[in-house]
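Before anything else, here is the set of structures, which you'll find just below.
You will see chain A twice below: alongside chain B first, and alongside chain C after that.
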Partner chain A sequence: MGKKGLIPIAFLLLLLFPFFLPRFYVYLSSLILIHGLLATSLNFVLGFGGMYQFHHCVFYGVGGYTTALLLTKTSLSPFLAFLAAPFASAILSILMGVICVRLSKLYFGMLQISLGSLVWAIVYRWYSFTGGDDGIHGIPIPHLLASTNSAYYFTLVITALSMFAMYRMLVSPFGKTLQGIRDNPVRCEMIGVNVKLHQLLALIIAGFFAGVAGMLFVIVDTTVFPEMLFWTLSLEVLIMCLVGGWFTFFGPLLGAAILIILRTIISTYTVYWALVLGVIMTLIIFFLPNGILGYIEEKLKRG
Partner chain B sequence: MDLYAVLSQILVGLSRTVILFIVSSGLSLILGVLRIPNVAHGSLYMIGAYAAYTISKYFGGQDTGFWVALFGAPLFVAFLSFIVERSVFQFLYEREHLMLVLLTFGFSLIFGDLVKLVWGGEYKTVPVPRIFQGYILLFEHLHLPIYNAFLIIIGPVVALLLWLFVNKTKMGKISRAAAVDREMVGAVGINVSWVFGVTFVIGCFLAGLGGMLVAPTISVTLGMDHSLIMESFLIVIIGGLGNIWGALLGALIFGLTQSLGILLWPQFGIVFPYAAVVLVLVFKPKGLLKSTW
Partner chain C sequence: MLEVKGVSKSFDGFMAVSRANLTVNKGEMVAVIGPNGAGKTTLFNLISGILKPDSGRIIYKGEDITFLSPYEIFRKGICRSFQIVNVFQRLTVFENVQLSVLSREKKTWNLLMPAKKFYVDETERILEQVGLKEKRDTVAGFLSHGEQKILEIAIALGGKPEFVILDEPTAGMSPEETVMCMELIKKLRHEMDLTILFCEHDMDVVFGYADRIMVMVRGETVIEGTCDEVRCDTLVQEAYLGVSDE
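Presenting the complex of A and B:
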C-alpha cells in the first residue's frame, strides 16, 4: 500500500479545515499542529537519538518568549522576531547540550532537567523582563496573521516544512548514524563515529524546531507564560510521544492529536482530566509499549 | 549584612532542609534499590499532608490530633503505596527508566486528581500543637519557633534510623545487595520481589512523614507536589543516587542556598538552589557522594 500517498491527502484535508470547521476547532487544530511539531522535535532526540531529553519544553518556552519579547519590547520587523525564536532556542541547546552530552541515560536526563529548571526559575522570577509568573499577554501580532484562519494556515505550512526537514534529516546518513548510536553507542564509537558530536547536533536540531513550535504558539495564542517551561509540560509532551509511538516518525503528531482532542472532549464533562490521562498512560505502558502507531506498523509488517 | 538576619535565615533553611531530606531520602532509597525514578513520590508527600489535616481534625485539631497524625498520616501513605506497588509497580521493575518516569508521572496525575476529589481545592491548615507554640530565644534578637527546633531535631533522628535500617538490619543488607545484583540475590533463595516491596513502602512512608511534618508550617494545597518532587530529584542526584548521607548533603545545599539566596537577592531567591545544583553537576555529574549504582 502506498503509505506515502496518504501524506499529501492529509495535507490537502488539513488545508480545507477552515472551510467547514467552526473557529474554535480551527484554533484547536493549530494547537495540535504546534504540539505535534514540539513532540516530533523531542522524538528526534528521544526515539531516534536515544537521549533522555526530559525537559524539552525549555526550548519551546524560550522560542515563545524570544518572539514575545521582540514583538513587545522592540520595534523590529515582526518576521525578524519570528525568525529569531528558533535560533535563540538553538543557541540555548548548544549551551545545554555541551554540558549534558558527556552523560547518558538517566544522568543525562537529570542534568538536562536541572538546567531546564534553572531557566524556568529565572523566567518565573524576572518580573521586569519576562513578566514573571504572569507571563506576557496581548502580544501584537502582524495584521496578516491576526485572524484564526490565517494563523492556522501559517502554522500548517511552517509545521509541514519543519516536519519535512526533520524527516529528510532522519533518512539522511546523519539520521542513520544517529539511530546507530541509539542502538549501540560503543560500537559506533569503535568504528570511528564521533558519537558526542552527532548527539550534540541532534540536540541542536531538536531545540531549533522546538523554538519554531514556541514561535507558532505566540502567533496562535498571543500569550506566553512560565508554565511553557515547567517540567510538567515536558512530561506531557513525552506522553504524546509515548501514546503515538516512539519509533515512528508520525507517532508524536498522532499522540498530540489524540491527547488534545481527548482533553477537549473530557473537559466538557469533568474537571478530572488528569485522572483520565493517568489511567490512559498506565494502560498504554502495560499493553502498547510501542504506542498506537508502533502497534499498527507492527501489525502491517506481519500482514 | 546583619549577622542576626543571616543566622535566622540559616535556621529557616535548616528546618526546610529537614523536610527536603526526609522526602528525598525516601526517594533516594527507592531509586537506589529499586531503580524506579518515582515521580509519584511528591504526590505521596502531598497526600501525607492532607491525611495529617484529616486525622488531626478528626481527633479534635489539638495536641492529640497532631500526635496521632504524626504516625497515622505516614502509615496511611505507606498503606496506599503498598497497594500500588503490589498491584502495578512490581510488574514493571525491568522496564526502561523512561517508561518508569512516565508511568509514575501517570500515577502522580491520578493521585493529584484523587486528592482534589477527596479534599477539594481549598487551602487546609494543620494547627501546631500547644507545646510547640511560641519561640525559643537563642540570642538577644534571634528567635526560633519551637516547631522548627523540633524539626531540626527530628531530621538527624530520621537519618540515624534510616542508616541503622540500611546497614544493621538483615532486611536492609538484603536490599543493598539486591541494589547491586538482584539476580544473584534471587538465586540464593531470597524473595527479591518482597524485599523491593518493603523498601518501596519504607521510602513512601518517608514521603508521607515529610508531608505530615511540613503541614503545620504551610497551608496545605494542591500543586505542592510539583515543586517538591523536582527539588527532591535534584537533591538525590547531587547527593549520589541511593546514598542517604548524600540526600542529607544535597538537602543541606538546597535548603541553605534557598534561604540565604532570599536574603541576598529576594527576587531571585528560588534561582540560587537550581544554580547550585547545576554547578555541582557540571563538576561532579554523578553526585557528590558515591552512588549505589
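Presenting the complex of A and C:
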C-alpha cells in the first residue's frame, strides 16, 4: 500500500475521535486541524512559492474577525458570515500582495511584517468596532454547529476539503510553475513566465485558506481576539512549517500537531513556552533542516 | 536572421560591451570568443532581453527586438542556456523541461488539472534527444554538473526555439564530457533545424564546430569571419589567441 493509502485511514480515524476522546481533546483536535490548515496555507507560498510571508496570520485574524463581526453586528445568515471570511482575507491578500510582491526574499518579508502589524494595530485600537484588546466573546454560533463535536466535524470536513484543494493546485501547471519560481525566478522569467503575477495569485490563494482557518476558529472557540493577528502567532505558524517540513505537503499539519500538543503539555508545568519553542526551533534547524517529514521522505527515497 | 548593430552597454561608466557587431544567418553556428571579462555574457544578456543596451539595435528576422522583455524574446523563438547552471533545483528533470513547454503554450495559469498530464510526449521527446530520459524523475539538484548543463539546454529546447544562445555550454565539463556535449549540440542543430550562437573558451571546440567566429576584446568586436579568416588574423593572435592562456 502506498503513502496515499494512509490518508483515508487517517481521515477515518479522525472521524472516530469524538467517540473515544474526552471533550477537551476533541476541542484540542479541532485546534490542531485549524492551525494545520493555517500552516499549510502559509506553506503554499513559503515552501512551495519561496516567498517569506512572515506575517501570515493577519489573514487568519481578518477571516476570524469578518465572521465574528458579521455574526454579532448584522442579521446576515450565518452561512454568509462563514463564506465572507475567506473572501475578506483574499481581498486583503490582494492589497498587501500588490505592494509586497514588488520586493523579493527578505525585503518582501520585512514589508509584509510591517503592513501586517499595521492591520493588527487597527484591530487592536479600534475599540468601538473590534472590541480592541478584549476581542469579541460569546459569538452566537448556529445551533447545528454549537456543540464541541459538531464543531469538530465541521472543522474536519472543511479542513480536509481545503487541503485537498490546495494539493490539487500544487500539482497543477500553476503549482509547478510556482515551484519553478521558488527555485529560480530569473530563469522562470526567461522562459516566459510572468513571475510577479503568479506570485500574487499564490498569495491570494494562501490568504483565502488562512481566512477559512480563521472562520473555523470562530466556530470552535466562539471568540476572536487581537492576538490572532499578532506577529508571535505568525512566528509560531512559521515554526510549524519548519518543524514538520516545509518542502512537504503534510509537514505543516504535522508541525501544528506537535507544537499544539507540546504547548498543552508544557504549559501545565512552566510559563516559559516561548523558551521551549526557541529550543525546539534551534534543534530542528541544526539536526533536521528539512523538518521531520522532510527527513522521513528523504530516508524513504534513499531506501 | 539576427543582426546586432553597434550595441553598447556600460555598468557605472565601465564599457562591458562597446559598439559590438554581429550577424548570424539562418542555420549557422556562430561562436563568440574572447578573454574572460570580454563581454560575451553581457552581449548574450542584451540579445535575450535581460539587459537593455545604451545604444545600438538588435534585429531578429527583420524586426527590432532591442527593447523587448525577456519573455517576449523567448516567445519569438530565441531561447538560451546559461554559463552558470540555472535550472530548477527542486523539480525533477521532467518537470524542468515541462515547465518550459507549459510556459510556451501559456498553460501556467491552469489550476485545476494535474500537471503530469500536460505535454508528456513532447517533454519526453526532448529528454530522449538530449539523453536524459533515464534521469526523468531525478530531482535536478541531484544531477552531476555535466548533466545539469545538458538539462540547461533541454530547458531552452522546451521553448521550441529557432535560435538558440548557449553561454559556455561546456563550462566545467571534463574533456570527454565536452566532446559529448558538442556532438549533442551538433546533432540537435540538424535534427531541430536550429541556428546557434555560442561562446566557448576551448579553441579546439570553437574551430571544430563553428561556421563563423566573432572575436570580442574589451567589449569591442575585433573581427568577424570564417574560422580560417580568424585564425590568420594577426590582430586576433596578438590580442587574444597569443596572450590568453585559455
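Of note:
The rule we apply is simple: the second predicted complex is superposed on the first by the 302 of 303 C-alpha atoms of A that agree within 3 Å, B and C clash if a C-alpha of one lies under 4 Å from a C-alpha of the other, contacts with A are read in each partner's own complex, and residues count from 1 in each chain.
Convention: a contact is a pair of C-beta atoms (placed from the backbone, for glycine too) under 8 Å apart; a residue touches a chain by one contact, two chains touch by 3 or more.
Treat the numbers as computed from the prediction; the structure is a model and nothing was measured.
Of the two partner chains placed by the overlay, neither chain B nor chain C lies in contact with A:250. Comparing chain B with chain C, more residues of chain A are touched by B. In the overlay built on the shared chain, the residue A:102 is in contact with chain B alone; chain C does not reach it. Of the two partner chains placed by superposition, only chain C is touched by A:172; chain B is not.
In the superposition on chain A, A:193 makes contact with chain C only, not with chain B.
Residue contacts after overlaying the shared chain place A:235 against chain B, while chain C stays out of touching range.
In the overlay built on the shared chain, the residue A:289 is in contact with chain B alone; chain C does not reach it. When both complexes are overlaid on chain A, the residue A:110 reaches chain B alone and has no touch with chain C. Counting contacts by the rule stated earlier, no residue of chain A appears in both its interface with chain B and its interface with chain C.
Residues 48, 50, 70-71, 74-75, 79-80, 82, 86-91, 95-96, 98-100, 102-104, 107-116, 118, 155, 158-159 of chain C are the ones touching chain A in the complex.
Those residues of chain B lying in contact with chain A across their complex are 37, 39, 88, 92, 95, 97-99, 101-103, 105-110, 112-114, 116-117, 226, 230, 233-234, 237, 267-271, 274-275, 277-278, 281-282, 285-286. Listed in rising order, the residues of chain A touching chain C in the complex are 168-169, 171-177, 179-180, 182-184, 186-194, 198, 201, 247.
Those residues of chain A that touch chain B in the shared complex are 46, 52, 54, 99, 102-103, 105-107, 109-111, 113-115, 117-118, 121-122, 124-127, 230-232, 235, 238-239, 242, 271-272, 274-275, 277-279, 281-282, 285, 289.
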